[in-house]
Every structure is written in structure tokens, then in C-alpha cells.
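Order as written gives the chain letters A, B, C and D; numbering starts at 1 within each chain.
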Amino acid sequence: MFRPWWNAKRESAHAMKSPFYTAEHDAFRDVMSRFVDKEIAPFAHEWDEAGEFPRALYRRAAEIGLLGLGFPEEHGGIAADQFMKIVASQELARAGAGGISASLMSHTIGSPPIARAARPEVKARVLPQVLSGEKISALAITEPGGGSDVANLRTRARRDGNHYVVSGEKTFITSGMRADYLTVAARTGGEGAGGVSLLLIEGDTPGLSRTKLKKMGWWASDTATLHFDDCRVPAENLIGEEGQGFKIIMQNFNSERIGMAAGCTAFARVCLDEAVAYAKERKTFGKPLAQHQVIRHKIVDMAQKVAASQAMLEMLAWRLEQGESPVAEICMMKNQATQTMAFCASEAVQIFGGAGFMRGIKAERIYREVKVNAIGGGTEEIMKDLASRQMGL
Amino acid sequence: MLFTADHDDIRRSLQKFITNEINPHVDEWEKADIFPAHELFKKMGSLGFLGLNKPVEFGGSGLDYSYALMMAEELGAITCGGVPMAIGVQTDMATPALARFGSDEVRREFLSPSISGDYVACIGVSEPGAGSDVASIKTSARSDGDDYLITGGKMWITNGTQADWICLLANTGDGPVHRNKSLICVPMKSKGVTVARKLDKMGMRSSDTAQIFFDNVRVPKRNRIGEEDKGFTYQMIQFQEERLWGAAACLKAHEYIINETIEYTSNRKAFGKSILDNQVVHFKLAEMQTEVELLRALIYRAAEQLVAGEDVTKLATMAKLKAGRLGRELTDACLQYWGGMGFTNETPVSRAYRDSRLTSIGGGADEVMLMVLCKMMGTLPGSKGNA
Amino acid sequence: MFRPWWNAKRESAHAMKSPFYTAEHDAFRDVMSRFVDKEIAPFAHEWDEAGEFPRALYRRAAEIGLLGLGFPEEHGGIAADQFMKIVASQELARAGAGGISASLMSHTIGSPPIARAARPEVKARVLPQVLSGEKISALAITEPGGGSDVANLRTRARRDGNHYVVSGEKTFITSGMRADYLTVAARTGGEGAGGVSLLLIEGDTPGLSRTKLKKMGWWASDTATLHFDDCRVPAENLIGEEGQGFKIIMQNFNSERIGMAAGCTAFARVCLDEAVAYAKERKTFGKPLAQHQVIRHKIVDMAQKVAASQAMLEMLAWRLEQGESPVAEICMMKNQATQTMAFCASEAVQIFGGAGFMRGIKAERIYREVKVNAIGGGTEEIMKDLASRQMGL
Amino acid sequence: MLFTADHDDIRRSLQKFITNEINPHVDEWEKADIFPAHELFKKMGSLGFLGLNKPVEFGGSGLDYSYALMMAEELGAITCGGVPMAIGVQTDMATPALARFGSDEVRREFLSPSISGDYVACIGVSEPGAGSDVASIKTSARSDGDDYLITGGKMWITNGTQADWICLLANTGDGPVHRNKSLICVPMKSKGVTVARKLDKMGMRSSDTAQIFFDNVRVPKRNRIGEEDKGFTYQMIQFQEERLWGAAACLKAHEYIINETIEYTSNRKAFGKSILDNQVVHFKLAEMQTEVELLRALIYRAAEQLVAGEDVTKLATMAKLKAGRLGRELTDACLQYWGGMGFTNETPVSRAYRDSRLTSIGGGADEVMLMVLCKMMGTLPGSKGNA
């Protein structure tokens, strides 16, 4: 929904008309808004500095229905359209700490393959635990050598009786330190995409060790490198069939990228809000910053980009709801959103001046979170390569 | 800018020093959120690095500014931004006015030990209410017989927690804002000086940044640099070196990041070719190198003119502005090609991305540089014809 | 509607779903599309080079219902919502010659004040002639000394019995050479906005002389400087009351700016389409341009900006339909659209290389039409000033 | 780059010539879509402007390159882009290889009259199928006894409709593409040369641009410049001057637009203040002036090195790239502040906006400059280690 974000007082979401958001969305936005204001925002800075947030937050998020969104109701999920997910992602972003969003919601990339293609008994066991916030789910695809080049990953899963024996290394795994369930891509067959399968690996499997990564930002998120040393995984934990891994992973991408775009647009708006408030209050050269024309114009430029991204996001979400799969535009959307976030974070830091370089304001933190979005889930350049192929160039 | 064999000698010993005595410790200092300024400066002072263009009679080498510029450029080879900045504060921000306008007495007391590395210096211009707006500082130095009584507060002070003295800008008169200030050397151990807090920053982690309060601090008037109420003018002159230093220190730092990025992306394969083989990647890196050469050419031109005794405020200000703009664009572009590794704290590009964000803010924000330039172009409202 | 513009074959507008466009819009799009393909596009280059298009085109545009859009039915108009106007503006843009769009549609800025506030007998006489394409209507506000600063205009209209006597100068007047009816802002009272009135001045009024302006682009449009030398205008031609001119002019702005944004976004898309076609065909260094990564990425960047602008445009149009008047966002929208047009025109020229500097391709022409949009209807900077005020900065 | 009193003398007479003999006619020539090259060049040749750094024995002044650079910069004061470009083709694009590598005989025949202004020269490199991709040109010069028989076509030829001779790049051998070309002086009145059409352009209206066909054109082999099959190398060397010229000619042209914009916006009032008083306006103009100074510093550095005999391909290529990028940004930004007047053809900024768009395209597009730089940085796929 296109809210006039520059209103100091946050107005009720119901107040404005929208072609897309129903009363149900608005009601959920209110729930989310209260949850974020009371249970996340006051602690966001502290948690981010501490490099961790309380595990109890998963349960609370489950209770208000956040974790279940879009998963099958039979396993504890809640039906949700694209707009419900946008509401969730954008309200969560208001806390201004992407690391919390990322780890709290890591199951939105880790668990869709389970819901889509795991054995029924695995689904029935795992999903309720994850969606109730009892267990943490994560996705482990990326390898130290490979980045986004999934088809050439090297982690091996060798069949041995009723087990697979997994060896290899994964890195940049969000929730990697704490995850109870890891959805892991490994090579069960020959070279290339056709040899890749997905396995569900439990966190306490012998042979699995984890190393925490130190990052530029997203500190509240536990990002890890995982080492698999002859981990024995029951064959029933295979997700889908052997060799289908690549296809299942690709099915994740549309919704992951839309979700990232929603988050990035919202983080851009957080920077805008914070910069506006500061510009009105801070005085330089005898008048409030907001009275300097270059500052006013910067703010309008930020607002313009946020508005364009939000509109593009909602139009795309609507098309997804109609059953389309506009891959090229989704790639462009991700770039549009991360560029908007980058622009707004940088301009907000500039408006804050010296204070923008100091820890404690949201824009400082978000500035350090720009790149993980411009790189993760497919880099800007890969988005362009993919979009150009889809455009038939 | 033609560098001679003498320049090259000093450059080589400086490179050796950086390689052996600085870079091996950078990771540790960055992690500790501080570097041992006294220890490092003493070593540098012993080798003569802290006074290349300072007067011989106070321990300097008496060389011309081209040597200082060469050193600023070379410090860019340090693998973080915090340590070179601390050195730059010592040599090119806190001491030029002292060396140029200070009495022999005050130079003996503050400049000599700063050149030998016994003292760590800092520069006190910015205040909480006047980041870049120098004319409107509030710290005052009230006359009391042969002393000043100083009251006020300074903000964003690099080296502030370790410094032995501060080159302080304070109001000493009631005249117009450009003619009521003085630069005063204030020992940090004076009674009434409080280092209120060490600031927690996005980058430049190895450098300490402080907020400092002055509560009726008594300092003898002989600690003043030059004439009373001329501090604003002295500071404006001193800003030329500060800005050139800030720009020059970016050159090799930028090139280091370009080269590291070339190295990393040429080794890293994806989709059947190296990352570097992507046209957008090698084109972008070439464009960035072009911008670095533009900046280098401008800095050299400014340095030549400064050596020739000209006022280089315009070119120095342009250089600082461009360095800030470029630092943001260049580190952003390069980090992008490191993929996930760029986001971890293990890579040089990630540190550079955080560190370089300061250039557009510290030492006068981009917007202040633009105001200065507009004033010189006669286009700032109210300043027309004053260029 | 968000069409996949990179499809070489232009697909039927009906084929894609949209939350906003109905069958009625689609039908009109088909009519417009045929009109543009047959009666404008083949001649656009020739007319632009000649500096004029046939006056008969107004009648043809009236016949297909283009000129009447949004005007009262009693005077020959046709009810039209924002989306109908977007369809009209964007289809017209496909001819790739902004000068034709501007002059053919000059009544959309010249005549709304008449429809809104002229005396009933004036309306009844003038509007049917304009909407049937028989007479040409233009708006004359800007003065040589004043640009967008309407409140300080200097043209005087002095009351003399049953007439006003008008003296002064207007410039940059689109359709200024051929217009039969000029909607002119003049000062009837004291200084400032309160002294400005609007008058309808007929083209054959003695004392009116016109000078054609030579422009960078928009050559097909007859842009003029008008000199009023004691022109006697019947008092009944006053539009609204004395002193209401400024207010009536301001009412024009929202729809003028949305209309410009629609056109600019469409012109950006024309550049994109043309560049894609050329990039696929033209070979350099042994392979088609489209196989060079920087070219592919340029094209994706263009497409991204077009998609964002189009989405923002349609969301805003929807809000206008809901009765909102989101002035700040409309200002941002105009900038978003002109920046997108500027980017796409420049990149298209670059993709064409030497051919891009030569006359005959659409991108070359559109490149020369960027600035009139970034300046006319309120410059980018004025848009930002206005938006920042509306944002309460 | 230190200019001497000698430079200043020539600069002043050039300025006077531009003011009296060129600028008063520019509007008329722009309108006519052509300027009288023979008439103008004869005047310039008589005053010695067409051979500042050409050999004395062929009518030049034998000065070093700094004079040519100074002239390129000064030509930026001409109030359009077409006329200076035509002059630049004569002095810095079509004749440097001839002056450097040509035999005395061919220099007497083609260089001397080009320096005296009796001949108008053009340079024939680009082809319809190979705009910037020089290696892949198709025009061939087949050996036939003591003659070449030339067949092919050239595109985008500045001065093409008025030229007396063309410095033509053609394939003379079957070897690899970098070792099968020669530069040949071809009289335009030779049988089989057809000026197919004068191209209709967005800008540079006063300059004529032609498409030219060669149908079995017979030329004696003595018209070749230097050795056979070395034309590609000669052209690459000649490109240094072409690119530096293209960049240097932008400097004063850009500043002229900045200054005209300051003048216009300071006089024009809206909403109670001058346009210039808007912070975004004077800040943007200061930023643009900063970029011009960056470009100037880089060009001067390249020129110094060229005078010192170094290969300046890298800096010249960077300068051309930056000049193109900057020209687009600067004229766009300035035109914006002229409001409606900027869109009319009556203002200098409107012409500059159209003219300057060519810099990123002509003489090798930005993308080609980037390829050259990548090759030198060793980052172009397939070229690694060839730097």
C-alpha cells in the first residue's frame, strides 16, 4: 500500500484506499505493526550489536501467524496471498534491522522445498515444528567456490544403503548456526544441474560442524559456514527425486526475490522516514537542514524512488496472483528495490552527516545491509543476465 | 608533478615500513577498535616520517610539500582507513598552521615532540552543533590575565582518546565570526579537559574518535598559534593541506581495491568463465581506474601549485569533493563483484566500503565543499563578487 | 497496461490481464493503435522535418474520439477516466514524435479552463468546434521574463467598457502559430496571484501577432511567441471571475503532469523497443550488439525503469480515480517519467552508435525531446520544491 | 603543464582570430549545415595555426605538442562544436601519422598544402560495418604494379564533402587484422571516388559528414604513409592525438556553457529570487566545474608525458572517455536551468547539448575506450598478460 510515509504520525492502514489490500490485509498489518513496535523495534539495536536475538522470538512470531504465512494449513500454515507476504515483510522491516528479518524468516527459503516436495511423513513431522517456531529451518545451497552458480556445486551425497553420505561445505547460510533443519543441495549424480538433489539434514547429525561468519551487517542474523564430513542422512529425507534439486531450487526464486524486493523497498522507506525526522530537527548554518534546498530535493528524490519501487512491487504481486510468472520483471524488480535501498541509505547517511557514520541510527545499519541484498538471492548482474535472456536478447 | 630519486628513496622506505610495521597489525587493531598511536608514531618519528615538510629547527626535514603529498599517497597502501587517517591528522591537519604561524616557543613545546613522535596530536574544530559550519562554533577562550579560560565541547575528534594535545579553534573575541577565533595548543592533561566518550563508528574502526569537553580549562596565552582572532584564517589555510591529504590518501587505497577485485574476480569462476570475464565487470573496473587517474591528475596539479606558493583552496576543495564521491561509487562497485565474500568482514573491500563512506562527511561534508566552491565561483547567494 | 514490450510482434492488448484496464479501454486502444499505425507513424518523420503536420489530422483525431476524451458530452466530449487518457497518450507516443502529440492535443491544456469556467454561451460555441477538430485551442501562460512563475506575470488586461484591452507577450506557446482560440492569462488586478485572470482570445483578434520559435526538437509542433498589442477582447470571454485565473490554471496541473508522465514513459518505451530491434540485428566485433553484455545490461536497465514508471503511473491514476489529489506524488511521477525518458533516449542513442547521431531514427528525435518534458509543465526542480512543501518539509 | 609566454602569444592571436573570423559566422554556418572549409583553413594556414607542431620543412612551426594541445583547448571557445571538430580533423586526426611516418615526397604533396590551408583533409577509418571496430574494416587496396586499386566504403567522414584528400586506412595484405593494413593518401578527385551522401545529424550541423565509396580507385603506392601493412599501428599512435584533441576541445566549451548558465540564471528571476540563488543550481554548477578541472588536469598530465616522448594511450583514452561522459551530464544539467529558452535553438546551451552528444560516439565510442583500457589493464578476456 502506498502510504504517505512522510506523515510523522503513522496513520491507520485502513484509512487509505488501495486496489489490492483488503480488510484482511489491513487487520494483519495492525497485528504485525503492534508486534514489531512492542517486541522487536525496542530491542533491534541491542540484538544487532549482540549478534543474536532470543530464540523465543520465533514462537512469538508463530503465535501472531507470521511464520505460517503461505504454508499448507494441514501442517500449521495459513493461506496467504502475495500481498499478505508483502505486509509481513514490510512491517517487519520497520524495525530497521535486516538481520532479524532474515533469520526470523529463514524458513521462507528453507521450508518451501519441504512443503512442495518432501515425503508426506517428513512434511508432517517437520513443518509443524518449524511453523510453530519450535524448530528453525534454513536453506544451504551456496558454496565457497561457487556463489550463485548452483548447477556446478560440489557437495557430494553418495548413496549407501538406506542413507546418503554427505560431504562438502556450504557458506553464507542464514540461520546457519542455529538451524535445526537444513535444506541442503548436494550432488547425487553427474556434472551439471541434472546431478543436483535436495536433502533435509537435521542439525544434530554427526559430522556436521558450523563456523560463524563475521559480516559487515545483518549482525543479529547467525550466518554460518557449514562443514559436512560424511554426514549420514536417511534416504527418506530426500526432497523430491534424485536430480530434481535444481528445479525445486529454481521454484523458490520468484517468491524469494519478490520478498527481498518488498523488504528492500521498506528499508529504503525507513531511511527516508528517519532522514526526514532528523532534517526537520537538526540545525546547520542557522536553519533546519530541511530548509536547505539540496536536502529537501534529496528527500524528494528518495521518496520518488520509494514510490516507484512500491508501485512496481504491487503491480508484480498482482500479476503473480493472476498466475503469471514474469521472471524478467521480477529480476528487474529486485534490482529496482536494491538500488532504491542503496540510494536512500546513502543519502540518509549523508543527511545525518557525522552522526550517520556512528552506530545507533537505523540508516547507519541499513547502509551496511545494502550489499547483502544487492548480492544475495542472485546479484544485480545475474538478475540482468537472466532478465536479458528472458527478454529474448 | 615530477617525482625525483629523493622522493623515490623516501617512498621505498615508507613502503617497507608499511609492509613490515603496519599492515601485519591492521586486522588486530581494527578488531581492538584502536591502534597504539604512541608506539607507532614514535617509530615513524624516529624514521623522520612525521616531519617531511616541517622546519628543520624543530626536527623536520625541511622538504617541500611534494614530499608530504607523496607520503599521503603512499599511506593509501595501508590496508585500512583508520591508521592513515590518524597519521594524516598528526602531519597534515593538526600541525600545518602551528609549523607555519606558531612562535618558536610554542613550536618547541608542541611541534617538535609531534615530529619526533613523542606526542600524539589532534585537531579540534568540529562541535556537536557545528559539524561543518566552522564559523558558528561555540567553544570560547576567555582572556584572564596571561591565560585563556576555555569552555565548550568538540566532537568527532580523531586521535581524541590518545592525544597529548589538541590544536583547538575557539572564540577569543566578540567580532564578526570570521575574525573572532584563535588556534590554541591545549595539553589534553590540563585540568578541566574530559574525554567524554569514544564514538562507535561504521568504519575507521582502528582509529579512535572522541567527544571532548572543556570546563574552564586554563591555558597560557603563549600557547596560541600566531595572532589573536586570526584563527579562522589560519584554519582555512590549514584546510588546504587537510583536504589535499584526504584526497591523496584515497588514490592508492582505491587502486588497491581495484587490483584486489581484479585478482579475486579473475580467480573466481561462475557459469563457465571467470567473474572478471564479464564485460560489465571489466568495463566498470576500467571506468573506476579512469576516475582514479582523473583525481590523481588534479591532486598533482594542486600540489605543484602549492609547492609554487599559490593558493590551492579551489583545487584542494575539488579534490576532496571528488574523492568522497568516488570513494562511495568505487567501493560499492567493487564490493558487488565479490559476491557474498564482499559482505563478510574478512575481505579488504568490505572494510574499504565502510571506511570510505567517511570521506564525503569528515573534514567538511561534500555539501560544504560545494559551498566553498560556489563562494569562489561567485555563485553563492550573498557572496557574489567576493570571489 | 504492463506489456512485454520486447516482444517483436505487438500483441493484442486484450491478451494480458490488468487490474485497471477494462474491455472498453482495450477497444479504444485498438482504435488508437490503428489510427497511429496508419495515419501518423508513416508520416511522423516527414512531418517533423517539415516543421508542421496537416491540419486535417485534428479532424481525423476527433472522428476516432481522441479529441473529445474527458470533455463534457453536451459539447461533443466523451466521458473518459484517467486510464482512457493514458491509453490515448501512450498509443500516440508510439509514433515517436512528441511534437505531433503536443500540438494535436494542445486543447487538453487550452480547453479545460473553458469547459470548467467559461460563460455557458462561450462553452457552447467554442468547445464543439475544438472537439470536432475544426478549430485549434491553445494555452498561453508563460512569458519571456517569467517561466513557471505564474503569479508574477506581466501581460495586462485593462477593462474598457464591454471589452478587455490586452497587451503583453507570451512565449513557448504550443500550437501558438495555428491556434484559433487562445486561453490567455493576464493581469486584471494588482500584483501577485490574486490579480491574474483568464481570457479567451480569438486568433483573428486585431493586434495579435505571432512569431514561430526554432526549437531543438518537437519540430512538428508550432511553438510561438505571441504579441498582444491592445487586443480588444469581449468581456464575456473572461473565463471564471476576475482574479480567479491563478486558481483555474492550478487545477490544470495535476492532469497535465499525469498526461506528460504517461507520454514520457511511452517515449522511453519507444526508445527501448527501437534499441532492442537494432541490437539484435547490428553486428560489431563479430557478433550482434545484443550479445555484448554491456548492451544487454543497458537494455535491462532501460526496461526496469520503464516498468517502474509505468507501475507508478497506473497506481497514481487509480488514486486520482478514487478522488484523491496526491500532489507530491504527481510531482515525483513527472520526474520519474522524464528521468526514465532521458535515460532511455540517451542509452538508445549510445546503442545505435554513429547512426544514433543521424536523423531518421526515433531515438535521435526523442533525445531532442527529452528536455522539453523535463522543463515544460514545471521543471524538475520546481517539482521537487513543490513536492517537498507538500511533504511538510 | 606549464604554459610559457610563447604559448600565451599564440593563444592570444588564436583567440582574436576566433573572435573576429569565426564566431561572428557560426550561426550562419550552422544554419547552412556547412562552413566554408577552404576559405577558413586558408586564413588559418596563413597565420600558421594549422601546423604548430608540424615539421618546419613542410611549412609547420616545429613546436612541441604542448602548443597543439593549447590550440585544441582554445578552439573550445568557438561557439559550436562543428567548426573546431573540422579543424581538429585537419591538424590532429588526419595528419599526425603523415607528419611522423610519411616520406618527404608524400609529405610535400599532402602535408604541406594541408598546413598552408590550401588542402582540406579528412580521415577515413570508420566503415558502415565497422564504426569503432577498426580491425575489421573491409576496404581493400589491392596491389597492381606500382599502384593500389582501392575498393570499399567509408562512413561518418568529417570534412568528407569538402576534402581534397583522405588519409585512408585500407587492407593491403592477407595477414592478421592488426598487420594487414596501410594508411594511404587518396586525392578525393581520383576517378572512382564518390561522395555518396552528406549525413543529416542531430548536431555538429556546421560540419559536413559524408559517406564515401571507392570503386577501383587507382593510387600510386608512393602515396602510402610509411611501411606497408603497418597502418593499424600508425593509426593507433595517431589515435592518441585524436583522443586528446577530442577531450581538450571540450574544456573551454564546457566552461563556456557553465559561465553562460551562471550569467543567464543570475539575471533570471523566479519566485522572488534569481534561478542561480537556488542551492541545487549553484551546487550543481560547482560540481560540473570540478569535473572540468579533473578532466583538464588529466589532459595536461597526458600532454606533459606526450611531450616527454611517452606513450599516452592510456591517459588519452581515459580523457576521451571522461570527456564524453561529462559532456552529456554537463550540457544536460546546464540546459535544465535555462528552462524553455534551453529548448529553443537560440541559445548556446541548446546547441552544445546536441553537439556534445557526439563525443561519446565519434572517434571510438565510450565502449571502445573501455575495451582499450581493459586491454591495457590486462582484464579484457583473451588479452590477459598482453598489457
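In this section, a residue touches a chain if its C-beta (ideal position, glycine included) is under 8 Å from a C-beta of that chain, and two chains touch if they have at least 3 such contacts.
In this text, all values refer to a predicted model and were calculated from it rather than measured experimentally.
Student: Comparing centres built from CA atoms, which chain ends up most distant from chain C?
Tutor: When every chain centre is compared against chain C, the largest gap points to B.
Student: Given the two chain pairs A-D and A-B, which is bridged by the higher number of C-beta pairs in contact?
Tutor: A-B
Student: If you average the CA atoms of chain B and of chain C, how many Å lie between those two points?
Tutor: Measuring from centre to centre gives 52 Å for this pair.
Student: Per the centroid of Cα atoms for each chain, what is the distance between chain A and chain C, given in Å?
Tutor: Computed from C-alpha means, the inter-chain centre distance equals 42 Å.
Student: Check each residue of chain A and list the ones that touch at least two other chains.
Tutor: 292-294, 297, 381, 384
Student: Can you list the chain D residues in contact with two or more other chains?
Tutor: Residues 278, 280, 283, 367 of chain D each touch two or more of the other chains.
Student: Which part of chain C faces chain D closely enough to touch in the complex?
Tutor: Residues 142, 145-149, 152, 171-172, 213-218, 283-286, 292, 294, 342, 346, 349-350, 353-354, 356-360, 364, 367-368, 371-372, 374-376, 379-381, 384.
Student: Looking at the complex, which residues from chain B come into contact with chain A?
Tutor: Listed in rising order, the residues of chain B that touch chain A are 126, 129-133, 136, 155-156, 199-204, 268-271, 278, 280-281, 328, 332, 335-337, 339-340, 342-346, 350, 353-354, 357-358, 360-362, 365-367.
Student: Considering only the defined contacts, which chain B positions touch chain C in the complex?
Tutor: 278-280, 283
Student: Which residues of chain A touch chain D in their complex?
Tutor: 292-294, 297
Student: Would you mind writing out the residues of chain A in touch with chain C in their complex?
Tutor: Against chain C, the touching part of chain A is residues 2, 4, 6-7, 17, 19-20, 276, 279-280, 290, 293, 296-297, 299-301, 303-304, 307-309, 311-316, 318-319, 322, 324, 326, 328-329, 331-333, 335-336, 381, 383-385, 387-388, 391-393.
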